[in-house]
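Each in structure tokens, the structures are laid out below.
Shared chain: chain A. Partners: chain B in the first complex, chain C in the second.
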Partner chain A sequence: MYDGTVATLFFYLFAVASIALALGVVLGRRLLRSAVCLIGVLGSSAGLILVLGFEFIAGIQVLVFIGGIVVLLLFAIMMTSEGHTFEQRPNAARRVMGGIVATAFFVVTLSVYWNTDFPLVSKEGLAVSHEDVHAIGRKLLSNERDGYIVPFEVISLLLLAALIGGIVIARKHDPEDT
Partner chain B sequence: MADALLNPLSLTLSVQTSEAFAAPAMSLADRASRALESGVWGAVMYIVIGLVAVLTAVSVLGLVMSYIERKVAGHFQCRLGPMRVGPHGVLQSLADGIKLLFKEGIEPGDGDKVIFIGAPIFSITATILLLAIVPLAPGIQVVDMNVGVVYIAAVSGLGVMGILMGGWSSNNKWSLLGAMRAGAQMISYEVSLTIALLVVVLFSGTLKVSEIIESQQQGWWIWRGHGVAIVAFCLYVIASTAELNRTPFDLPEGESELTGGYHTEYSGLRFSFFFLAEFANLFVFSALAVTFFFGGWLPFHVGNYEGFNAVMDLLPPVISPMFWFGSKCALLIFVLMWFRWTFPRLRMDQLMRLEWKVLLPIGFVNLIVAATIVLTGLYFFPSAT
Partner chain C sequence: MFPTPTITHWLTLSALLFSIGLYGIFTRRNAVGVLLSIELTLNSAILNILIFNRFVASDDVDGQVLVLFIIAAAAAEAVVALAIFVSFYRHRHTLDVTQANHIYDQGNRTS
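Then we have the complex of A and B:
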């Protein structure tokens, strides 16, 4: 659907936006501003997926990550740090530790990138049509060899357990409630 | 969009016969991709025209609907509503708009200024994105994605972000409380909203908005989906009222307890952005209800009563879709306004109980029943006659 210059233009637009905003997430000292930058990062990656033509995945990216996870983050920030707009400056020991962990993660990520072959999928292979949502649905609920019914059900069960666990933990602090 | 405006004949001809619906001369997706592929300027023009059209729609909707709301409210309370500016006060919204433009934009001293300024823009952006997928007439739609329903669910979730940001950055306890309430309420009711829409997706077998309308050629889903679609429609109306923060679910801005809720600290143009987003959302949610349950721009037909259907088709094809879509929308908007001036406000715990203990179980059972009906093909009304 998208071709040549327009796709390239959009790619660089989203790539630059997502790198700049990712820096904003990490370097900012205001927690809520970082969360807002995170919305931008996730939105730009949804845009990158859209440039590839995967509308469904992009939609789910926005729905789950921005509509679910970032809203949860915003709630957590509002509940816990009322009045404290700024994050505390970390002391020297924590800075060193953070630096080591970040460098290690960077090296690991970089080595993975170097050692992985990214095969170029042809334009036809990327063309996503109406049938693809059907295909995803069938694949997700198929119990054949290449179906994903077992992981799907296991994840559903895990989420249910987490949900019940969350309710149990939340109830414990409220003895008045019966 | 541009193509549609230049060549209205190609659109309107396809309205007349039902066969033409299934295979229109050139679908919106084709025209959009042709515009996008014609080079950088084609893409830029497409995006600019689409944005200008939607932005115009947002401002006009804000003007017209705030006037209608005040008039409806007035007559419900046995008064006349705005009467002074222009005949029957028709220029009242215009005067209010000019007043808002000239007002000073005050920023709270200790708040986060960047987020404070960004929040209303975020709010109105979500509305603009949502308005882009509303099909006003065959081909008059800015985006028509294959995954339209996923898009609707994703983008409508963005609106809450502007409210949360605005409430927090105001550094005011009423604003924060209002924003928290709005967040909790909108996230909760979004679940019911999506489940209600999924029923229609099951019936029509597609996620694309234009195809959902085309699937209602033989009858609107509210009739053909027998009881299930009616239950889904009721769920949708309740959930969308909550999503719009309108009475009886207007706790986020409950003026008797929270002054103005999340927009307490906003004034001037920034306040008007929240205001515009709210009224445009009222239109969008009614338009989506019309699209999903009442056949969008399709005229009102009753089964095989040829004479009656012919009378309904009398309007010239140019204005017919606009007329049917507009009148269905107007009716639903009036019903939502009726709610606002009739029902008392709920309490926060009642609101949450209503969603999680009443609406959500009903929604799940309804979805399962719908799936059973679709699987067994147990339609009361035959789909192909």
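Then we have the complex of A and C:
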């Protein structure tokens, strides 16, 4: 027994929330408020991912994106603003250019989407759990032809390099040291 | 009242989020603000991949694995960006990207 009305309702709810909060991220002049709006956008996206039926990815989104990345950005905002978190308003030319680029991208992408027949294979409703964590784990660590073991190792090296690079770039340099 | 969301509705939502992020990248003057907009576009890309995984290739988990990689890369990118911003702010006492058009301060290089 599956009722699609609830999934539809939640889709529109999260869609409106994420778009409004995304506008808040982009248009606001206070950076801290923008970061809090970004938390809202990512939370709404986690909700949308849940509506799609991927619980594991939604959990990772909340844990890593909201818990890790946005907190890092909050650190960046607080360490680089001495009390004043206002940002100067962009000039009109910049705003017009940004608006033109964003609108052009949106129109082109939308015209492609609405004119394409996607080969839909899944006819079942939304919000049905559609997930197999065991399959993800096997795929991630398998060394068959369609496995992802090499990208997995590369991304762990990338994280290590980012860790060391972050420390080296951000530390205070002694004047006599080099 | 509302139509049941099909794949086109989902993709429209994702494209709209991406466009908003794009506008932010072009108009923000603070570097951290630009980074916030980039996170917005990354988030919409994740959503897009998951939508295609759900509707077009629902037997595979490749999209979900790819999303895990994207999230890891986004974390690494945020770390390095934070370090660069802190270092830049220490040299220049501002994060305005419109004033960041040369690498070294001529003359008074602190530290």
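The rule is simple: the second predicted complex is superposed on the first by the 127 of 178 C-alpha atoms of A that agree within 3 Å, B and C clash if a C-alpha of one lies under 4 Å from a C-alpha of the other, contacts with A are read in each partner's own complex, and residues count from 1 in each chain.
Here is the rule we use: a residue touches a chain if its C-beta (ideal position, glycine included) is under 8 Å from a C-beta of that chain, and two chains touch if they have at least 3 such contacts.
All values reported here derive from a predicted model rather than from experimental measurement.
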| item | value |
| --- | --- |
| Touching partner for A:Arg30 - first (chain B), second (chain C), both, neither | first |
| Partner chain in contact with A:Val62 - chain B first, chain C second, else both or neither | first |
| First, second, both or neither for A:Ile39, with chain B first and chain C second | first |
| Contact breadth on chain A, by residue count: chain C or chain B | C |
| Partner chain in contact with A:Val6 - chain B first, chain C second, else both or neither | first |
| Which superposed partner A:Glu153 touches (first chain B, second chain C, both, neither) | neither |
| Touched partner set for A:Ala76, first chain B, second chain C, both or neither | second |
| Residues of chain A at both interfaces, chain B in one complex, chain C in the other | 4, 56, 60, 68, 70, 75, 77, 130, 132 |
| Sites on chain C touched by chain A in the complex | 2, 4-5, 7-13, 15-30, 32-33, 35-37, 39-40, 43, 46-47, 50-51, 53-59, 61-62, 64-65, 67-69, 71-87, 89-90, 95-96, 111 |
| In the complex with chain B, residue positions of chain A that touch it | 1-6, 9, 30, 32-33, 36, 39, 55-56, 59-60, 62-63, 66-68, 70-71, 74-75, 77-78, 82, 85, 128-130, 132-133 |
| Interfacial residue positions of chain A with respect to chain C in the complex | 4, 7-8, 11-12, 15, 18-19, 22-23, 25-26, 31, 34-35, 38, 41-42, 45, 48-49, 52-54, 56-57, 60-61, 64-65, 68-70, 72-73, 75-77, 79-81, 87-88, 90, 94-95, 97-99, 101-103, 105-106, 109-110, 113-114, 118-122, 126, 130-132, 135-136, 139-140, 146, 148, 151, 155, 158-159, 161-163, 165-170, 172-173, 175 |
| Of chain B, residues touching chain A in the complex | 33, 36-37, 39-40, 43, 110, 112, 114-115, 118, 145-147, 150-151, 153-155, 157-158, 160-161, 164-165, 168-169, 176, 179-180, 183, 187, 190, 206-208 |
